[in-house]
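I have a structure here, written as structure tokens, and I will follow up with some questions on it.
Letters A, B, C and D mark the chains as written, and numbering starts fresh at 1 in each.
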Amino acid sequence: MNAQPDLAETSRIEAFSDGIFAIAITLLVLELHIPDLEPGERLWPALVDEWPQFGAYLTSFAILGIMWINHHSMFRQIQRADRGLMFLNLGLLLWAALLPFPTNLFAEFLQDEGTDAHVAAAVYSTNLTLAAIFFSAIWWHALRNHLVDHEMTPAEQRSSVLRYSVGTLLYAAAIGLSFISAPITLLVLFLLAVYYGFEQLRTRG
Amino acid sequence: MNAQPDLAETSRIEAFSDGIFAIAITLLVLELHIPDLEPGERLWPALVDEWPQFGAYLTSFAILGIMWINHHSMFRQIQRADRGLMFLNLGLLLWAALLPFPTNLFAEFLQDEGTDAHVAAAVYSTNLTLAAIFFSAIWWHALRNHLVDHEMTPAEQRSSVLRYSVGTLLYAAAIGLSFISAPITLLVLFLLAVYYGFEQLRTRG
Amino acid sequence: MNAQPDLAETSRIEAFSDGIFAIAITLLVLELHIPDLEPGERLWPALVDEWPQFGAYLTSFAILGIMWINHHSMFRQIQRADRGLMFLNLGLLLWAALLPFPTNLFAEFLQDEGTDAHVAAAVYSTNLTLAAIFFSAIWWHALRNHLVDHEMTPAEQRSSVLRYSVGTLLYAAAIGLSFISAPITLLVLFLLAVYYGFEQLRTRG
Amino acid sequence: MNAQPDLAETSRIEAFSDGIFAIAITLLVLELHIPDLEPGERLWPALVDEWPQFGAYLTSFAILGIMWINHHSMFRQIQRADRGLMFLNLGLLLWAALLPFPTNLFAEFLQDEGTDAHVAAAVYSTNLTLAAIFFSAIWWHALRNHLVDHEMTPAEQRSSVLRYSVGTLLYAAAIGLSFISAPITLLVLFLLAVYYGFEQLRTRG
């Protein structure tokens, strides 16, 4: 009798989270602007000049997409929800929903020659790091409160927590990288998302 | 035979409401603007200067998130829907969906030195008060029309209605506080959302 | 074997439609603009001057909300979906999703003293009329192709089609009224939505 | 025991995809701008002058709507999901979610007399071609990995893959047509969407 409502609750959390991931990923397009051509300027080179916008769009789309797939995988294993899980999940959604803002900031300042490009890249990487921290916290909370649907040995638990921690450290390292080169940071974050995609494709496909 | 469609109806109300909460909470990000730097101005201090925007964003995100969690809890107890419930719920969604506007207004005028900061804070608090009134009305209507899935004693009913009324009064008090200090109103509303989150975490987690 | 997928199909149409209604109703808030104050101007009177924006927001919110509730009621009676139903439903969603544009147009030109207020009101009313036509067409198509879950007598069918046609005629009459007075058209459309709400509350609550 | 979670996974992919289609289709309205009238200019002719905006809106709405219906049909036949399917689906959603940008670009430059109209039309057609390629890839991947719920003969498989390939080639041909005439490209793409709608109406309704 008790299991039914808990299951229902998990599915409503998933539906709400899917909604926010879907909306955030689709709102990214609103940050792409039609070039405002000077007299004599042509559309194609003006679009090419906007490559930071498209690069940031693509990177954030890939990251939010991977985040959604991972969230999906994680919640297939989590069978029960408590209030703590709901609040940690809301924390994750805060950073997912905020991502269009640092995406826009990153695109706007990527080619800035002063330190502003570094600041924009660091703000973007910090947002991702915070999302990764909440991701780890959800999983750690679920394990600790026996919300997961099957028994894991302590070794399996440590290994699964470690995997999330590595992701968090990689994003944190991107904050440091931001102060070396903003374009390289964008490239690394994009490749990281692609790598995560393929890695999971291979191990669990 | 009759119970099935009613259950289905409640779940479609929940899905529609979740959709609006998810969209409103995600649209908040569109009100965050990239700073328009003057020549010689640097990005980081310009971002710091935008703290009212981030404060208002965070507060509205927390409030809409708590509202969603509470809506979720309330509708786990409501098993049947009638037209009255649907219209009261639509009233609640009106104020939830409108929140990005007073959020923006509050952020824009928070540091205004005249009375405009007070007006903006009062408009924001009034929006929250109206949402809280509809919240109470939904619950009161559900109890009165036996839409709740289990029998509550008259004492339990009074206590549950009282709990919603207290929330409404706290938001109404924030309207008054708006005319004393806009930044303190924002801080109090944020802390109230955090408190509600933890309080429910503790009592029902 | 055949009934399952058809039922599933109806529920996915409903979910997609709910999504569009929920998004369109929430996007309305993006058309509300923070007043741009002149030096010496105060916030409160500037907000009051924006009443056409709030009036148009509230009217469109009520209309889309009622439309959603009616869609909900109609699809509780429709048990099977065919391609024709899906395309007619897409036609309805086109006009529902477009509504934020004429809402904005109406709000912007409501106080115009020339004929532009009439044009804006007529564009808004035409949008609503087209939505109502598709509403009637969905119902008529569902009856004609036996997609409805219970037998209706020919008299009941005629009466239900008539009820939708009356709504269509009332919206069409609002196109005419637009050329007499734009503010009265807005008021009448708002009252019509409220009346429809209460009328259905009374007869089916 | 294994079938349940796979089915659940497919339904969550569908829900997420429906969300993105619904949001992208509804965000199109944000690209429609209220005309900014010069003194002495009238609203109605200014709206008529904006026909490229409405034409592009209607075409993209029809295309996204048809895409949703096709996605729906395809996933009624796909019963199991693997990671590869999820990533290919994310690729499709990337181009669906991006469509509001080239729609806006197309509308803005449709009446440009130089080559910019051709570039804008080609960008729009390229977006559609890429979406069609991912559509074909999803189906091809599902067939090849036995994710489809019933046995198809090799001939049926070839015929179904061919049908998707024809769509892709038609969109690719529109890239070529873009360099001849942008308005004709828009018209052809709109008629193609309408034709696809009716064709499917006829063969599977």
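Brief remarks follow.
Keep this in mind: contacts are C-beta pairs under 8 Å (C-beta built on N, C-alpha and C of every residue); 3 or more make two chains touch, one makes a residue touch a chain.
Fair warning: this is a prediction, and the values are worked out from it, not measured in the lab.
Fitting chain B to chain C on C-alpha positions gives a rotation angle of 90 degrees, to the nearest 5. Chain C and chain D touch with mostly distinct residues; of the residue numbers seen at this interface, under half occur in both copies.
Taking each chain's centre as the mean of its C-alpha atoms, chain A lies 26 Å from chain D.
Between chain A and chain C the centroid-to-centroid distance comes to 36 Å (mean Cα coordinates, whole Å). The set of chain D residues touching two or more other chains comprises 15, 19, 23, 27, 30. Chain contacts in this assembly form a single closed ring in which each chain touches exactly two others. Chain B meets chain A in the complex at residues 14-15, 18-19, 21-23, 25-30, 32, 34, 37, 42-44, 47, 57-58, 61, 65, 68-69, 72, 76, 197, 200-201, 204-205. Interface residues of chain A, counted against chain B in their complex, comprise 5, 8-9, 12, 15-16, 19-20, 23-24, 27, 30, 82-84, 86-87, 90, 93-94, 97-98, 100-101, 104-105, 108-109, 112, 114-116, 119-120, 123.
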